[in-house]
């Protein structure tokens, strides 16, 4: 790969991958349930970066017969954001309700279903 | 000149995003994590702008920065017990395994990114201008059903969140 | 010819009508006893008429002889196992249901429907007022259906099904008064004991099926080639011999031959008409009928098989007859008499005379049913008293019963010209003629014993001193009418063997030549003499006695006989000590070895479970880590793997690599 | 319509560009820097004026004199206060969360300043004329909750934390009607562009077409910037000074500055979206803009010194059960109105 300052698809994808993997690490290793939620948000953002990068570099052309750009990636990203918002709302509500009954938001302690 | 500038700008925001994402997961104080999360969102929004996704950048700021981050901070504050903020975001015993698996995942993703020939595009298609109209056009034509479904999802999530957080009043 | 064919093809109605009756009674008219009995009797009488029609076709024309060579079959296919040809038949296995008509089955049809009809009519009087009146007739109908189906079976499987059905009916009817513990026990005993025999029969059927690929009697008969006869199973035993032995185990159980005879006396716990029908005239002779049906198998087997059959029959005959001398229960005497006569029949078959065996089967059915019904009449009159020593003086009070009973006694004793004389004479002459002098002697002695104990029964019960506490009275006409009819047949039944083209002309093994045989007075003479001797001796010994003089004279022998040679006790001892011991060993084996293995497996599973459940940490994050590890491995395998996975590359990356 | 001095700032801008000749890239960079500085200058000046104005208005409404010692009629007071603020010790309490505590005021002000980039100060005087203008304003100002919460939390003080928590509840609740109230205008003009919205009001101000939207906007905006009667976040009588209790010196000054900058901001947005922006006869556009902003500022000050403070539950009740339905109804009404309008005058808009 020749060195160039021109920013392209792989760069964005790499940023997305890094974000995703940081999120993954957070999901894997955080004790606090809210931290896990945050890490999830990171992962969702990483996905969004990828979606938009793909849209930008691979499908950035008008829809046939119209002057509109093909922005499927953007629309998908919006839906991801919608879902993320719903997820955060419900997730936080769950965490708070668990916290209320257990006085803890520690994921390690949420193992009532184990063996 | 422009290439270098845009490259530098990308570099700045990419680093901001990635570094604050790193801090989100590495910070020992969960409030700091939440704040860095907000910073990450802002950085991602900036990346969107660099990709000509201005509408999405604004949505990102509005929804993630203005709502999700705040909600999370709020949730943190509601579930934080006094006096232990400094150690509120500890790693569990899975940390090492999690790190290894995350690294592996990253290696895999990197492998895919760099070995997939059609993806090695650096061409700036230089399509500029607003994306708002096109997104709305797509939303109201091709994706109108998912759009409505998303609306229903949000409503359901809202009701669910309220019920979960408030608790059901049994005395009724 | 056409007319006869017409009657033959309606033969299936003969078992079908009682079945219909059974269903109607069972499902509809159970609440109305009179209606139930009417339906049942109507059904069996119709069957009787049909049977007579069929018999007319078989015997009253020239068809009978043809049918011996080429039996009439009317079949419908039931199961077809297509594919691999079975055994020697080299054709797909076909299991069919149908009716087989030849003189043998025609004769049986007549006997069974006649006796069943009479017994059912008799039962109207005998079972009057019983709580289970409708149930009784339902069982009777079911039994009639089963027995007739058995008689008409075209193949061994069909026969086996009906064989088990009659066993079931026997069980149900022995235990008809299930509130009596003894009835329950007797029913169970009968069922269990016959199971032993049925197991052998089933094995035999499987052996036949395995080798011949068909169970149809006619087809089996035509396969009895010399090559087949030469087939060796184990060691020096030919395949057919082995199979014949196995099949013969069935009749041993069903027809109460020696080791498995113990159920039949106990079966007398059932209502007396049931004993008459099932345990004297029809079901118990099913075994004899089975042997006759597959007689070609025994003919094809080594002579040892028939030898064994004959010996067992002869032994059973004398064995049961000797027991009968010492019994006091009227029905038990008759039961042991039945055993003895069944032994006679089996012996006849064993010495090579199918004709004699079947002839005796028929006559025996008449006079034994007569005596059972007579005994029932007596018991009915004396309100369930069965000990002959408590009877006495019935002759004066119950003329019809007494007279008909006397005819039965004379018939079984072999006094000419009654039925028993002809058939017994035929057996004895066949034994002598076919070179079994020992069996001839046994037969002769048994004949004397038979005359002795039957006379003993009659003398004590009917001619003994009158008992004041008894108020016997003659039974109603529905009970005496069957007695009279059966008495008639007991007298004339034997005359079927007299004409040139008589019984022997029709009822003979398939493919055998008819050899007319004149009355052998050398045999008949001693037979008559021993019969009369037995009667006279018994009369002298027992007339006017209030207790058994034989008991006083030979107490030890009497005791042995009284206790039936301790066979039941011996069985009990075996069961208690040997079977129980084996059971204990097996129990130990089961607990510590079998259960040990099972428990060990369970323990292994449990240990593995408790080991692996550690993986079920309940922690989402551990699951997520595992999930992602798997995902990465899978992805790399699919994307960069060689061989099979290589083909999936386009799917994984949309064609890019 | 002749407007004296209308384009004076544009002339200056063109002159600066002219200095760079053909090198438009350098000219753009320099102009961006100039714009940035100008925004600061305008902002600081405006805030100084507003602070003084508030004291004067407050005094006037309470029949007092107000500051009257320093300078003519007391207007020198602004300078004095500034010097005092800058001279004060920047005191950091012991157990604060250092970095968030230190950065919160800066972010707060920074976010506010970012929003000014899209405001049309006059004809052609939009620092960055984004397509997304209004949406950008909303998106950026949505972020301003965060520094408030951060400040409240980082101060490690019960009062501050309570203030921060209240700010979350209040700002999130009122952000929704705020966004929706502006949507009506966006539906009519079919653009987010601030300059285009101003242009569209050449004949009629949107306050006339969107009276409900305007009312909702003003109320929600006042809540957004935590001004009385929505000043629960810093309710002095309840818990000291809310989220900036622990701040002093220049950091406190930054919050103070940001608060008045926000006041400027919502007044400017109101002027732009509902009051015709720089549109107006005779006077230069930027002057019209300033007048309208001042009017809005005065209006909001008026409210502050007129209404009592809400209770927390009343606040939430009002936001969710009155303003939100009202703004939604406004959107529906606007939609119906546009539909009817297009039925009557086909071909216009769409």
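As written, the chains take the letters A, B, C and D, and residue 1 is the first residue of each chain.
By our rule, a contact is a pair of C-beta atoms (placed from the backbone, for glycine too) under 8 Å apart; a residue touches a chain by one contact, two chains touch by 3 or more.
Because the structure is a prediction, the values reported are computed rather than measured.
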Centre of all protein Cα atoms: which chain's centre is nearest to it? A
Roughly how far is chain C from chain D, centre to centre by C-alpha average, rounded to an integer in Å? 110
For chain A paired with chain B, centre-to-centre distance based on mean C-alpha positions, whole Å: 5
How many angstrom between the C-alpha centroids of chain D and chain A? 32
Whole-angstrom distance, CA centroid of chain A to CA centroid of chain C, is 83
Would you mind listing the residues of chain B that make contact with two or more other chains? 55, 59, 67, 71, 74, 92, 94, 97-98, 101, 105, 118-119
Multi-partner residues in chain C (2 or more other chains touched) are 619, 621, 625, 628
Touch graph across the chains, line, ring, star, complete or other? other
Which positions of chain B touch chain D when the two form their complex? 1-2, 29, 31-32, 35, 38, 42, 54-55, 57-59, 61-62, 65-67, 69-71, 73-74, 77, 85, 129-130, 132
Of all residues in chain C, those that touch chain B in their complex: 619, 621-622, 625, 628-629, 632, 635-636, 639, 653, 656-657
What part of chain B is in contact with chain A in the complex they form? 3-4, 6-8, 10, 14, 17-18, 21-22, 24-25, 30, 33-34, 37, 40-41, 44, 47-48, 50-53, 55-56, 59-60, 63-64, 67-68, 71-72, 74-76, 78-79, 81, 88-95, 97-99, 101-103, 105-106, 109-110, 113-114, 118-125, 127, 131, 133-135, 137-139, 143, 146, 150, 153-154, 156-158, 160-165, 167
Give every residue of chain A touching chain C within the complex, in rising order. 24, 27-30, 36, 107-108, 110-115
Given the complex, residues on chain B that touch chain C span 92, 94, 97-98, 101, 104-105, 108, 112, 115-119
